[in-house]
């Protein structure tokens, strides 16, 4: 019997809660997962941090990640984007396994440094693109790789939210280029590009070139609790066209201004033999057209033979968004404990970042950008 | 600071897992919930029980509920229906709070005894109709009670599953009248009748009379690991018509033979000012038509102002079936700790049982049955 | 080359328009249909009638059907229900083919007389249950009769409208028992019962017994252009339970108070091998689950191999409600010209009426009623 | 009382049937429409033409449009794209009103000549973008222009078909650049661009610049009844990004390879105050989110107050694809009879063509193209 993995987590808000919950649920639902010690949680606001440690079940707190990275087996980097590179690289160099939130970094340069650090490190370096771990998505990938869709012709992805549609919605770090890197593109588009690559990469090949367009609809926003307005220096929305290695056509889009859409990440794929559609707000379902079907079949992906489902509840008893974190934590921690492989790796996330960077550059130059 | 509530649980399979998970999640998501000690879990198969205790986080096990009821603050009765009455009554008499799975009992007589025991007891006696605790259902109830639907004319409920459509699907206790009381009626119809009463009871009044029809499509089924067939002595499906106090028309149905439906509990209500539809397989959504709307609006009930949602995730990050257990455990334990009220109580569940019993009797006599 | 069929039509409002349009469209889309002469249109209001004759392309008008029935090859009875029996019987006796709107008659007695007259007559006697002629319905019937659904377990039908939900909606003949026979039951339920019999009759057998409930929510309504209120002497809504010969369970319902539903006729059928759902407001679609499908497939029934579709437009170019009249007129007139058979016949319509009558009697007595 | 408009029609296949049907139906449903004489139908295959004239109700036939244009009041040009310019211009010069199928021309140059001819002519020159005449689309335009969606941020349009997904699907003129101009772009994208301009043009302004991508998945196809293969010289699919005058972001796409989609033209618009979605395969419906709604409302656009609906059937009695032709013919002929204005005019259609041409050029150069 091995010692539990000692986990340190940077970040205690939204993502901190989501991963802490995942760690807490593994023993009951994935008893074969490696044992974990929620050791230390890192943040700046000591009071909020103490409260989070208490609720999330951490043994201790720290206000400087430098004090933590040498001391843990696994380092979770759930901080804002501009804090992804330095702590993650330090943790890798200290020999820890590192699990970093997406997008990997605000710039391609930093993403490259992180990828290089991961290449040189012994630990497992994973990026938390959690939507890969939706059962319906894994089921979809299986269909595609089994040839049920045939040759891929179209990949369409959009991620629609509306939390900025009010021009007086408050300023936040996600609207600042230095802190976030980009806006809808990096926050939402990163998920779409990762899913597109995950789903069709082995069949349609890589994304070879892209054309992009970034748009900011509201140029400045009020800073909470002040009279001040700060500029929005990232995109509120992006669109992109893409061409895959096999000639498949990609069409991507995201927005924070899509009135009426809260968290609508939709992926549609058409191939010579079939098609499928997935939508995050109905994440237990997959629309599938294959074989002799005349139309799309609504598959409720909750059978015990479906990916991960046997760990949960009987058919028809739906799971939620948070379950994707349990699945990805299970996979990541298993890889960490067994010195195995985990995907999406930093390498995968770097390749996503290349696409995002190409979209952004294309938006600036007005020309298609090739991905070497 | 008070002592934690000491909880004993009878049953360690499906419902045992669902409630144990709920108990385990309360501290992180409902920190204001009373503290709980998962003290003892009760079952007959010692090995399976030890394993369950370990996974579900219980301190000890017991093979006889009689050894437990005196010793706990709260007794969860998650056993099969024929084990609902005796242990629940004993626990109430011993002064414990009791939370019993639905339907309250296999027969109206036993349900009456349980209700009477609850009346005489000091503890809180709750029945675990978990679908009351879906945020969309509570939101719907609010709309109805605020008059958004006006006078209620129609209440339609159906609960469709298909796990028995294969005539060779194995026999189980749920197909035996002595052990289960009834089939689709008690297992599924109980939920529908409870939700109907919960949603419109304060506006349309009680169900005054019913006409029912029970049907068994397959008369005997193979007993697993034997060459034997056992008779199916309960209904595979039921239908019912109902009349509410205010003249509203009810139409209820459930089946275990509804090919293609895994867990499809759908409620539709039409009133003079509006209508709504809820479906369990899309439990984060409510279809609502009110005011000047021309059609149904698809409301994603995941805003922070929606019932319970502020405890979980941001808008659009959907929850699952299991979350209803967290909500109901939160409410039940809070009532237990504060000697408050909890609904659905044994009284509520007894009234549901009266309706089920009337449907069954109507099915036998071919005549409408009035509920006094 | 034969002479054109000389057609006389009683009724020039809604149904008059629907059938006149059908007759006018046959030559372009069904060139193999018998040639028709729109000879005479019958009504009481001479001015409105003249206008209708002009718009609908009739050569002449008459104010008394007695002047017409001897003189035409085909008599269309599109009048209110209480005018169905006498003119239809007279026309049959005069040797004409008769096409009568549904329900066949306001009472079972009159329906029986009409059926008997049809038995004795040489002409073809058809009842205009137009929904049999929706391509998706005929496609569904084909699937069922090919065994794609296996043994039938459930037949669910509901027809929801909301035009009476306003208590001040004006009185009309459809609310009077003497003129209409019944309300939602005869007007809407007749369609449901006919479709249920049409779709599963050859597989599940006849409806053997029913239990019904009729409800009137608003007891009197204002007479237009007066200060007067007249009583509503028919049902605003009905529900029914049914048992088919093979043990299948039926569940039927209609309402004129279903807020938000304009013309929502939905049929759902579950069998041992599959299921299907049809909804009139999306009449080009059929939801089908058969074979190894995991869920319902949305079939757009607009392929050229689908029933009647090759007469219209390419795949995906949807048709409307009125096209069902073109199809039924084509079939009826072809039968008339060739002395062939047409279904739904008066015999079929009489059997529907028996079911409606049994539902109504069950509603009065509170007991199930058997259909001999 | 004026003389009927004498109509000559070039083309007797799919579009010939659709417009002939529209002409035939006007008197019954739009009695206020100008009277029309279906005078002459033009085509090359005399036998097929005679048959068409008979079925479609035309008095005579002609094999050369030159013999017709001088002789009619209204000339319908329903021929293949490469036959749009010359006959239309000749007819305009001869003083006829001209109604031409879309896209206006295979090249921008020809479109420009047609527009110029229309400017110089006395007759009305209309382009038959029929989807403007869907009631739901006109209702949508009303909402947008009433400000119900606020400032427009996103316009998304896609038109998906799958009739070429089989690589052995036969060659046809629509796959030849000389005859058709372009493929999915001109055939399907023209509709999308026209609808986008129609719906938001008065609010978001013109499309100012575009970036496009055209793709051909199958390079050659078998010629029917031969052993030969001919090259496909047009696009099987296109994608485009667009920017509107007000900064709104456009995202357009069409394909003939979208497996499972027959005629799926979907438009989605998001504004600061609301959103809407329309889909052609459910053309009686509009998804609308406005005001305080929390989600999209499914509006069945069949009320008598909805555009054109009072001419047809009661609420809930859905219309089909062909009805759009009746509406556009009504509007066009009314304009012709009254020397009024008709939109979409040749001017409108030219502007659509400018966008298509810019998308195509962008696809060639890999750069955004501005529309002056």
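By written order: A, B, C and D. Residues from 1 in each chain.
Keep in mind that, in the parts below, a residue touches a chain if its C-beta (ideal position, glycine included) is under 8 Å from a C-beta of that chain, and two chains touch if they have at least 3 such contacts.
Everything quoted here is computed from the prediction, not taken from an experiment.
Q: Report back the single chain whose CA centre is most distant from the CA centre of subunit B.
A: Looking at centroid distances, D is the chain farthest away.
Q: Pick out whichever of the two, A-D or A-B, is joined by more C-beta pairs in contact.
A: Answer by contact count: A-D.
Q: Measure off the straight-line distance from the CA centroid of subunit A to the CA centroid of subunit C, and report it in whole Å.
A: 55
Q: How far is the middle of subunit A from the middle of subunit B, if each middle is the mean of its Cα atoms, in Å?
A: Spacing between the chain centres: roughly 36 Å.
Q: Distance from the CA centroid of subunit A to that of subunit D, rounded to the nearest Å?
A: The separation of the two C-alpha centroids amounts to 41 Å.
Q: Do you know which subunit A residues sit against two or more other chains?
A: 261, 289, 293, 295-296, 300
Q: For subunit A, which residues count as touching subunit D in their complex?
A: 149, 153-154, 156, 158, 160, 162, 165, 167, 211-213, 215, 217, 237, 239-241, 243, 247, 249, 251, 253, 255, 257-261, 270-275, 289, 293, 295-296, 366-368
Q: State the interface residues of subunit D toward subunit C in the complex, per the touch definition above.
A: 14, 17-18, 20-21, 24-25, 27-29, 31, 55-57, 161, 163, 261-264, 280-284, 300, 302, 312-323
Q: Please output the residues of subunit B touching subunit D within their complex, sorted ascending.
A: These residues of subunit B touch subunit D: 289, 293-300, 303.
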